[in-house]
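Once you scroll down, you'll see the structures, which are given as structure tokens.
Here subunit A shows up in two complexes: once beside subunit B, once beside subunit C.
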Partner chain A sequence: MPLDTSSYALAHLRLDGRRWNELRRLHAQTSTQAAADGSSYLEMGNTKVICTVAGPAESRKGGGGGGNAEAKIEVEIGIAGFSGVERKRRGKGDKRTSEMRHTIASAFSANLFAHLYPHSTITVNLHVLSQDGSLLAACLNATTLALIDAGIPMSDYIVACTAGSTASYASNDEDADPLLDLNGLEEQELPFLTVGTLGAGEKVSVLIMETRMQMTRLEAMLAAGVDGCRQIRSILDGVVRAHGKAVLDSAIS
Partner chain B sequence: MPPQYSTALPLSPAELSYLHTSLSFDPPIRPDGRTATQFRPLIAETDVLPSANGSARICFADGTEAVVGVKCEVERSPSDRSILRSKEDDVKRLVTGGGDEEMRDESSGGEDDEVGNGSRGRGEGRNEWVEMAIEIPGYRDDDALPVFLSAMITEALVSDGELKNRLYINQRFHWRLYIDILLLSSPLSYPLPLLSLTTHLALLRTRLPALVSEKDEDPHFNDDWEAATLLYPQSDQTTTRPPVTLLVMSVGDNIIFDPSKDELAVADAVLTVSIGKTPSSGLRLLSVRTVDPPSRLTAPGVPNSTNSANGDTAPPMQEALMLREAMDEHSLWRPPRGGMKRALVGRMIKMVVDKNGVGEEVLEGLEGVDKALEECITAIEAKDTETAKQWEQERETYTPTTIDELIVMLNPINTALNGGRSSRVWMRTKDDVLNLKHRVVRRIAASDTINNFLMDMWAAEVHRASPSEVWLN
Partner chain C sequence: MAITILAPTPAAPVPTRRLSSEEGDSDLDSDGDISMSRPTKRRRTIITPGEIVTDDPQWMRGHGTFVSGEDTSIRSTLAGTLQKTNKLLSIVPLRARYMPEIGDLVVGRIVEVQSRRWKVDVAAPLLASLPLSSINLPGGILRKRTSVDELNIRTFFSEGDLVVAEVQSIFQDGGASLHTRSLKYGKLRNGYFMAVSGMGGGAGVVRAKRQIFTFQTTRGGEVDVVLGVNGYIWIAKHIEPETAGKDFSITRLEEQASGTMYSSQNDEIEVGTRREISRIAGCIAALVEAGVKVEENMVRRAYEASLDADAEMQEHSGEYLGGAKGRRVVELALGMG
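Coming up: the complex of A and B.
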């Protein structure tokens, strides 16, 4: 449906006027909440996510959970009832939510310098205010910013974005283009994957795909996704540096 | 799990005693220098969620933040109600036409309202049509705190009996109102006033699509969102407004509003007072609930005479208790015992509900959040060139942040510093508000954190080089 309109075949423009390799408007802010250790607010198009980080803090169970030599990362995701078009209350034990939580927790466990904080817990709280595609990617990006704001050291940014393919639409397979950063409507109809890289290079740390498609498309989609991640990383880095500069300026003056 | 409400660093008996004594003076000395009826500055925004019928976000000065989204969906009414419908009601409904016409028709004044209320006020709405969900990080949905807060806010909301009638469409359909409240930070202080204010603001801006179908046919609505009508219409004959719940505490004979966490820890009594507005522009008391003050959970101080750390032996238990009872309460901290005097409750309620009282101040302040925005927009539309130019200039240099239209409610704390002028100035004149808005917009682009922003605002207002940090953590 998002590509059924003839505008794609004629001008290769998607429904919102983007080309195949254009990201949606990405807007990010750090330190949005004074009460939290680290916080961020991220918008990828109409997908809006708030992330707050508490920690590293002492583990609740003391000796029980704290036999680790590394910090433990716990992720909670709350998808608000008003986030979709229809109001839908989602329980915390939802399967999709659980999978997202596990993905985010394991991605950051590998990336953060958790060995610096043994026997402690870092709690990440994500609130989804509005969803319009790329939910997991937005959550990963927001978590990165919030963890940076909290001052937890990591080796590089984990940035994520989605990539899809027009293969299901185009009958002629050679014409199938990879698409970058799908919105909600496109995600429902087209096969897509979420790819998260470590920094601007090609190290993929998260790769989730739930839809089915031909193997031959995968390479193109991955390449588009990784390239999108590189763009996102530079935007997020700009946000962090601007915030740091502002803090320094206000401290000096 | 994120740190919970009660595991914050407890205060020692010496600190508690110090706070309690300062608050019992006349006038009370609060840790941040406010007067007894002064509120902390807060940041309030409306229409933050484009996909919701109404939304609002409020951040308090201590960093706690809440977002409320209101969504409405059409639902089929159970059919057995149609049997009870009387012929007289049918006639009345024909006269007033579709559901929302009387709201949009301001010129009809009192007469239509009366007829309208006559047919719709006959219990045609139902309180079940309002559903509320509160999410607090760190608490499950069936924990005591979210359930209790939800019950208190819903109770105040449906108590005036007006809201449910506005959700009525026709015999077969009605609106279902979903109010989703998100507390974005873990509750550092009792979250009820924050959530209640945010809900009030969200409901004030909630709009329902305009009904174009007639009578009992399947409801059809105008696609144009600009034609949507407000849930709480703002005619001059101020119809009821959504309620607001305030936290009021007492220490000795003093009554203190907007208590911070430290002040709550030494309260003698805490009340939550819910107020609504009546059509005759007075305030109406909707509910009063007592809250168990956290001061009762504190440990009492140990007087030197019974303190074994001094090197003497401690007297036995009974004697120690008797000694403690005999001590003057001002020299040693003792958790409050007993209840509240009835006269005190009466005084607290009076202070809230009276004309030019605290309740009116709060409601006016919240209304002003919308007014300032609308005035800016009308200035631009009316081609008020000077204001519009200023606004346009700001827009150009202003990079959009998450808070596109930031309205700040002026806190009279600066007037206190300026020599104690009237402490009731919430909204200044229209020009002042517009000017402040521009300054606010410019500053947000440069400083993102709430603390920095508040300091900048204070500095701008008070014209000081380095604002003191009396009440910022």
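Coming up: the complex of A and C.
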């Protein structure tokens, strides 16, 4: 349905005027909250996420979990009731929310240099203000920026984006194109996956797909997603550099 | 029908909350320098995580760098600036949690009382520990700690008390061990606690020769300021110790450590002193807000600037130093001296 419009049939333009390989507007700010150790605010189109990081700090159950040789990463996600099209209060024990939390925590556990902070906990708090597709990808990107702002060492950026396929629209297999960065309407109708890469290369660290699709389309979608991640990484890198330059320019030593 | 594609509207500009920088002195850096001198401001570029710092195998890697598996290039793990010390490359982060070093003067809050030591929160990744054997007993008695002392451990420090101490040693996992074996360390009272965060290239408390100093305020008597390197700050009314006027020698420690040193009772603090304490706290908050490093000289200049700013204002707006008045105070403080 999102691709049944005349503009797609004529010019292959999606609902918001993008072509198949164009990202939505990505706006990111880092160090938005002075009180937190690290914080960030990220918008991917209309999906808006705030992230704050606290830590590394001593874990509450110090004696019980004291055997860890590296820091533990805990993720909390709060999805605002006004974030979707209809008002909906989601509890913390929601299955989809816990799966997202687990994905984000395990992606960063593998990437951060957690062995430098034994017996401590890094707490990541995500607040979703507005959802319009690519929620997990936006959360991963916002968490990367906030962890960099907190000064927690990591081997590279983890950047994520979604990629989908026009498969349900085109009955003919050869005509199915991959699509990059789906918005909310497209996510409801088309099959899509979220791919997260480590840096600008081709190392995939997160790959989640919940819809069903033919195997043959997977490679094209993955290639489009990895390419989108490369673009996102350069945008986020620019944001970090601009912020760092502003800090250094104004610091009086 | 022709389709026109409009360019997306740009995002709102980020409001800059920092002052414009002045042309301060910049140290010149020479490669191969042994001391930790920073490079000139113009040449400092930001390095981001995952970026290759160098390919040259002659460099050794220090803090904030790692060697990726495939090639021998050194990559950064932090966002920060590069620091070269002889052949060692390390990255100084823009902002990082306080990491304790031996000899740091820190202000901490007791969070746990264990059988023979206390656990202290010093804004570090791990709680610091203060062993019972590292504190001065009241009355200045020098003796071995017995089980009676362990049973009375809460009479010395209890949960929630504030203590100023020095880092004696660091454990393997990075946790600090503190001691208060000097008359200038110990329990804090009669004052106001504030926490400033942020270290590294940005604002924060710097390690300096004097972390504890005294103000002679105009209307409030004397005020002590303790700047903990970990970002915790204590501003208190100055109470003259009983040892003032007598000479201080190590053999008379037992006579000079007072019996009330572990009392949790505050003394009477006059209104004028309270106003001056809140004025100094406002100065420090304004300095941190503007990204200026907090140390004794800057705090003194900011205090005098706040008095000047008060004289400038037509109406007496009290001691509140936030917002526009705070920025004005920092401008004046940077301008003088």
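General observations
Here is the rule we use: the second predicted complex is superposed on the first by the 251 of 253 C-alpha atoms of A that agree within 3 Å, B and C clash if a C-alpha of one lies under 4 Å from a C-alpha of the other, contacts with A are read in each partner's own complex, and residues count from 1 in each chain.
Following the convention adopted for this analysis, contacts are C-beta pairs under 8 Å (C-beta built on N, C-alpha and C of every residue); 3 or more make two chains touch, one makes a residue touch a chain.
Keep in mind it's a predicted model, so treat the numbers as computed, not measured.
Partners subunit B and subunit C, once the complexes are superposed on subunit A, run into each other and clash. Note on subunit A: of its two partners subunit C and subunit B, the one contacting more of its residues is C. When both complexes are overlaid on chain A, the residue A:A57 reaches subunit B and subunit C alike. Using the contact criterion defined above for the overlaid structures, shared-chain residue A:S31 touches subunit B and also reaches subunit C.
Of the two partner chains placed by the overlay, only subunit B lies in contact with A:T123; subunit C stays clear of it.
In the superposed model, A:D156 lies in contact with subunit C only, and not with subunit B.
Legend: residue contacts after superposition of the two complexes on their common chain; A:G93 is shown touching neither subunit B nor subunit C. In the overlay built on the shared chain, the residue A:A246 is in contact with subunit B and with subunit C. In the overlay built on the shared chain, the residue A:I148 is in contact with subunit C alone; subunit B does not reach it. Subunit C is struck by only one stretch of subunit B after the chain A overlay, and of the options 275-283, 329-337, 347-355 or 383-391 that stretch is 329-337. When both complexes are aligned on chain A by C-alpha atoms, subunit A residues 27, 29, 31, 34-35, 43, 57, 243, 246, 250 touch subunit B in the first and subunit C in the second.
Contact residues of subunit B toward subunit A in the complex are 1-3, 48-52, 55, 59, 62-65, 67, 69-71, 73, 133, 135, 137, 140-141, 178, 180, 182, 184-186, 188, 400-402, 446-452, 473. Residue ranges of subunit A in contact with subunit C, taken from their complex: 7, 10-11, 13, 17, 25, 27, 29, 31, 34-35, 37-38, 43, 55-58, 62, 71, 113, 116-120, 148-151, 153-157, 199, 237, 240-241, 243-253. Interface residues of subunit C, counted against subunit A in their complex, comprise 3, 5-6, 8, 11, 14, 16, 18-22, 24, 38, 41, 44, 46, 48-50, 64, 66, 68, 75, 77-81, 93-97, 121, 125-127, 173-174, 197-198, 200-203, 289-293, 334. Contact residues on subunit A toward subunit B in their complex (touch as defined above): 27, 29-36, 41, 43, 46, 50, 52, 54, 57, 60, 74, 76, 78, 80-87, 89, 92, 123, 125, 127, 129-130, 243, 246, 250.
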